[in-house]
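Quick heads-up: structures coming right below.
Okay, so chain A shows up in both of these, paired with chain B first and chain C after.
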Partner chain A sequence: MTGSGHDPVTRGTVLAESALAGDRRALARLLTAVEGRTVVAEVALRELHRRAGRAHVIGITGAPGAGKSTLVNAVVRQLRRDGRTVAVVAVDPSSPITGGALLGDRVRMQEHAVDDGVFIRSMAARGHAGGLAATSGTAVTVLDAVGYDVVLVETVGTGQSEIEVVATADTTVVLEAPEMGDEVQAIKAGLLEVADIVAVSKGDRPGAERTANLLRTMLASSEPTTARGDIGGSRPRPKRPEVLLTTGATGAGVPELVAAIDRHRASLDEEALAAARVRRASAVVWEIVAERVRRRLLAGELAGETDALLRDVAAHDVDPYAAAEALLAAYRGHTPREEERG
Partner chain B sequence: MATMTERPIKVLIAKPGLDGHDRGAKVLARGLRDEGFEVVYTGLRQTPEMVATAALQEDVDVVGLSILSGAHLTLVPRICALLRERGMDDVLVTVGGIIPDEDIPVLTQAGVAAVFGPGTTIGEVATFLREHAPQRDIE
Partner chain C sequence: MTGSGHDPVTRGTVLAESALAGDRRALARLLTAVEGRTVVAEVALRELHRRAGRAHVIGITGAPGAGKSTLVNAVVRQLRRDGRTVAVVAVDPSSPITGGALLGDRVRMQEHAVDDGVFIRSMAARGHAGGLAATSGTAVTVLDAVGYDVVLVETVGTGQSEIEVVATADTTVVLEAPEMGDEVQAIKAGLLEVADIVAVSKGDRPGAERTANLLRTMLASSEPTTARGDIGGSRPRPKRPEVLLTTGATGAGVPELVAAIDRHRASLDEEALAAARVRRASAVVWEIVAERVRRRLLAGELAGETDALLRDVAAHDVDPYAAAEALLAAYRGHTPREEERG
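And now, the complex of A and B:
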């Protein structure tokens, strides 16, 4: 095994070096370390983070069954025709009850299974809300760093407000199945608002063209968006997202979709790109901060204190704000120790 | 919350070969999900190369092969060899389906840890995997 049997620092360094040299086994193990938020991942990222930032990160989101995996498969095919290498991060939900997960996105991506220019990784969301796993952003950084031209991020089947992918992706494609709702659905806040491109799936079905026209009408009538409507940054939105009809199963409309995705990336000026990078950095850093605080308070010597406080709140003896302050005070009172992490 | 730092056992359920009977594989995939495993399901008609590549990219602990076509003596040793070739010697390989008793030693010889015939319960499979999946040192 690459670097096994060594201490975490050596292992992290060796895994990063091997992954950068094109060792796909090392890359896969590194992604496992990232998912497990281990010290190995932390060490590897010291090197890899500096090298990331070149890939075009494309987010694909939409309702369960809308056709995301089928579309991702077709988009990968088109990108490969253009000679671009592609990594796919496909997220599926974890069971809130057992923690288990069924990761089924590869079923639709079989044609790329043995293409050396494609790397597909499934991730379980592991209790994280928002459409991605908590560590998906870092997984994207790793795949970017090792040199994939495009990283496609497929979210879990989303509802109306799982828009975390926007912080991770340069270009966000929202997939809408035909006849999923009327005009009022199309003008509700949330998912459709964050789309850089809207793709209507299953374009060969009756009603698909009508859905596309309806979306064009409703989205086109909106005012140009400004920084106020943006999520945690000042990235200007297109005045109206392009609405395209796609049929993932046949590939119809997919070259046009990839062209639209490339146009969107090209349209981002320096300011917009910088804002997107800050948004991504902030999402990743805050996730780590939250995880560190949670881990410290729930593990080791503070666990008992935390548990007692939560019980006090449950018993209505302590109010939630006072409990939160007490936990933060306890956190501040303990300096991190290397062996607690990992 | 404490479980968030534990890695669930990750299992690839694959159907190599040409038979189209995937009910068993799907039932097992779902059952293992309920047992707390992270299950990657790849669908029908996988070549040995596709199975080995998926196992590598997903960094799974277990590869579960479902075969009802009778081609197990060809497919399984090939998959085991490919896994070894790619450095995945520690991956636990199990086979489910219709496997004649006399073929089991051949598969074991090829590197298969267990063969689960008809009538095996999900619980039995889950217990076996928990006991035999490699302990990963991902610190």
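And now, the complex of A and C:
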């Protein structure tokens, strides 16, 4: 009984209760509801939100081909060895249409299939217009609430939205593959700014030590603090990121990486930790605010006016600022009887 | 005299007038203001918006290494040969801090430096939280308004925000490099869904024809319409995308690509063209709406309450839906004396 049938409120409540009781199928369904931003998800989240706040949220990102999946699997293995439970949210750039996300899940789940202490979930990167960080932030809250000690969020570090996702973690690890030349992908992609720890993958390859040294030199010449103003609040970086060599395939360097991640978390004072969480909460709250304003303006008695205004802007008869002002005036003037739900 | 000094309203008006008069330095400054979302930009846009709507907006995207920059340069050359003026907006994943965007501009401008009919502008992908499509859409409006016949928007096809950017073009070209195996990057990245035309780059390489045939087979088995619901409205695709071979370096296939782009534009009826423009306008308008709500809630007498609510959500004392409702009630209850500007 995982809440199929019934009305959305009952289903949301039942899903939340079942997920809290350890029902993995209910948890998977709930995360699907989160991706779809349904009323079921909202009902469940209202229940689960206050139970979250205990997990260590770790972001892992890097350019395509840096070896993220291999490293994430190795980190999961190490955390399990330490006795910690782990949930993984892998933001997958594959299209929802190709089914890449689901396939990836299945392949990666195999290793941990018989381990109840691991839960892996892929989320398509597409289909969250304006709110990938909000959707993944909500998924993190769910996994935190149901009791995972660590929530790992993995994204490819090449899109603005994708970088924002990991930048809202408590600890952000940027992965870099050793290069032949002097080019460092993480720098090209602007990833070093969000790094708390830098891991050089494929650490057994020639050139890995050289890449690590190059990164250390670059980090030494940069400011010890990083401004994340564009992602919703600046973040004091307590110290320069450590640079470590890891080999995901053999597990070499992975215990040291996990130790560095734990040291980083321990080094965060209350204020720094709160700042990370306010950033994550802000992404979620502002997206809900924007979505509710949009939803009200696009539904019911206001829909016609909104549609006409957007067409006028598209036809270059009204400028977008004037349209926004008219929409907000309509929103303010319209007193909702019941709060926007459903 | 491009409007330095003076108050923002005067500066915005002067910048708009100078840009319309063909002052390239004023145009560059105006685009900087658009990226910074300043009052100057807003003033100028209110003036320029109604003058836009004539340009053909072409989006070009593809995985990293597909050869986008080379192809864009070749397309610009071809369009110039046809006597059309061209503006390029290149959304660059480089960090604003590394200066990669500006450097790229300079390198790419050299070829067209003495040609007043070409304007190239790189925009950093970072720093537009929640609104990369809005910022680039506004830049497109500016370049359209000042009279460029074609506005080319180039992004890397690996991020959600970046794909949204080109999906709001009138015509979207997806570029694919020939591969050795059966893997097609554009499909992995979910790019085929937004393609009106597919170009296989490096067309002189062995395997290019094979990749083109693979793409044709895949497109033949897919639905002839593409749903872009997640990007703000579904879009009827009039027919299956053409697949063409191009070699950016030699220019082979480029006249055929430009002809296909023109055919696509000609094939769009009024309604289909309007749909693309409503999508672009919507991205801009909804972002202004969201930003104004945020700005009002984060400033003045409401700032304290907003900050406290976000902290309560971060501390898991208030759920994000309850916080969003409280924020919207505060927004509605607060009657602004003057509209939110500055």
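One rule holds in what follows: the second predicted complex is superposed on the first by the 267 of 342 C-alpha atoms of A that agree within 3 Å, B and C clash if a C-alpha of one lies under 4 Å from a C-alpha of the other, contacts with A are read in each partner's own complex, and residues count from 1 in each chain.
Keep in mind that, in the parts below, a residue touches a chain if its C-beta (ideal position, glycine included) is under 8 Å from a C-beta of that chain, and two chains touch if they have at least 3 such contacts.
Please read these numbers as outputs of a predicted model, since none were measured by experiment.
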Checklist entry - Between chain B (first) and chain C (second), which does A:Ala259 come into contact with in this model arrangement: first, second, both, or neither? => result neither
Checklist entry - With the two structures laid over each other on chain A, which partner does A:Arg294 touch: chain B (first), chain C (second), both, or neither? => result both
Next on the checklist: Between chain C and chain B, which one touches more residues of chain A when both complexes sit on the common chain A?
Outcome noted: C
Next on the checklist: By the touch definition at the top of the document, which applies to A:Pro64: first (chain B), second (chain C), both, or neither?
Outcome noted: second
Next on the checklist: Tell me the contact category for A:Gly53 with respect to chain B and chain C: first, second, both or neither.
Outcome noted: second
Next on the checklist: According to the stated criteria, A:Pro8 is in contact with first (chain B), second (chain C), both, or neither; which is it?
Outcome noted: first
Checklist entry - Just chain B (first), just chain C (second), both, or neither: which does A:Glu35 touch? => result first
Checklist outcome for this item: Check: chain A residues flagged as touching chain B and also chain C 94-95, 98, 100, 124, 126-127, 294
Item to check | chain A-touching residues of chain B, taken from the complex the two chains share | outcome: 1-5, 7-8, 29-30, 32-43, 45-47, 49-50, 53-54, 56-59, 86-88, 90, 136-139
Next on the checklist: If we count contacts the way the header does, which residues on chain A are in touch with chain B in the complex?
Outcome noted: 1-2, 4, 8, 11, 24-25, 28-29, 31-33, 35-40, 94-95, 98-104, 106-107, 110, 113-114, 119-122, 124, 126-127, 294-295, 298-299, 342
Checklist outcome for this item: Given the complex, residues on chain C that touch chain A span 42, 45-46, 49-53, 64, 93-98, 100, 124-132, 138, 156, 158-164, 187-190, 192-193, 230-232, 274, 277-278, 280-282, 284-290, 292-294, 297, 309-311, 313-317, 319-325, 327-328, 331-332, 335, 339
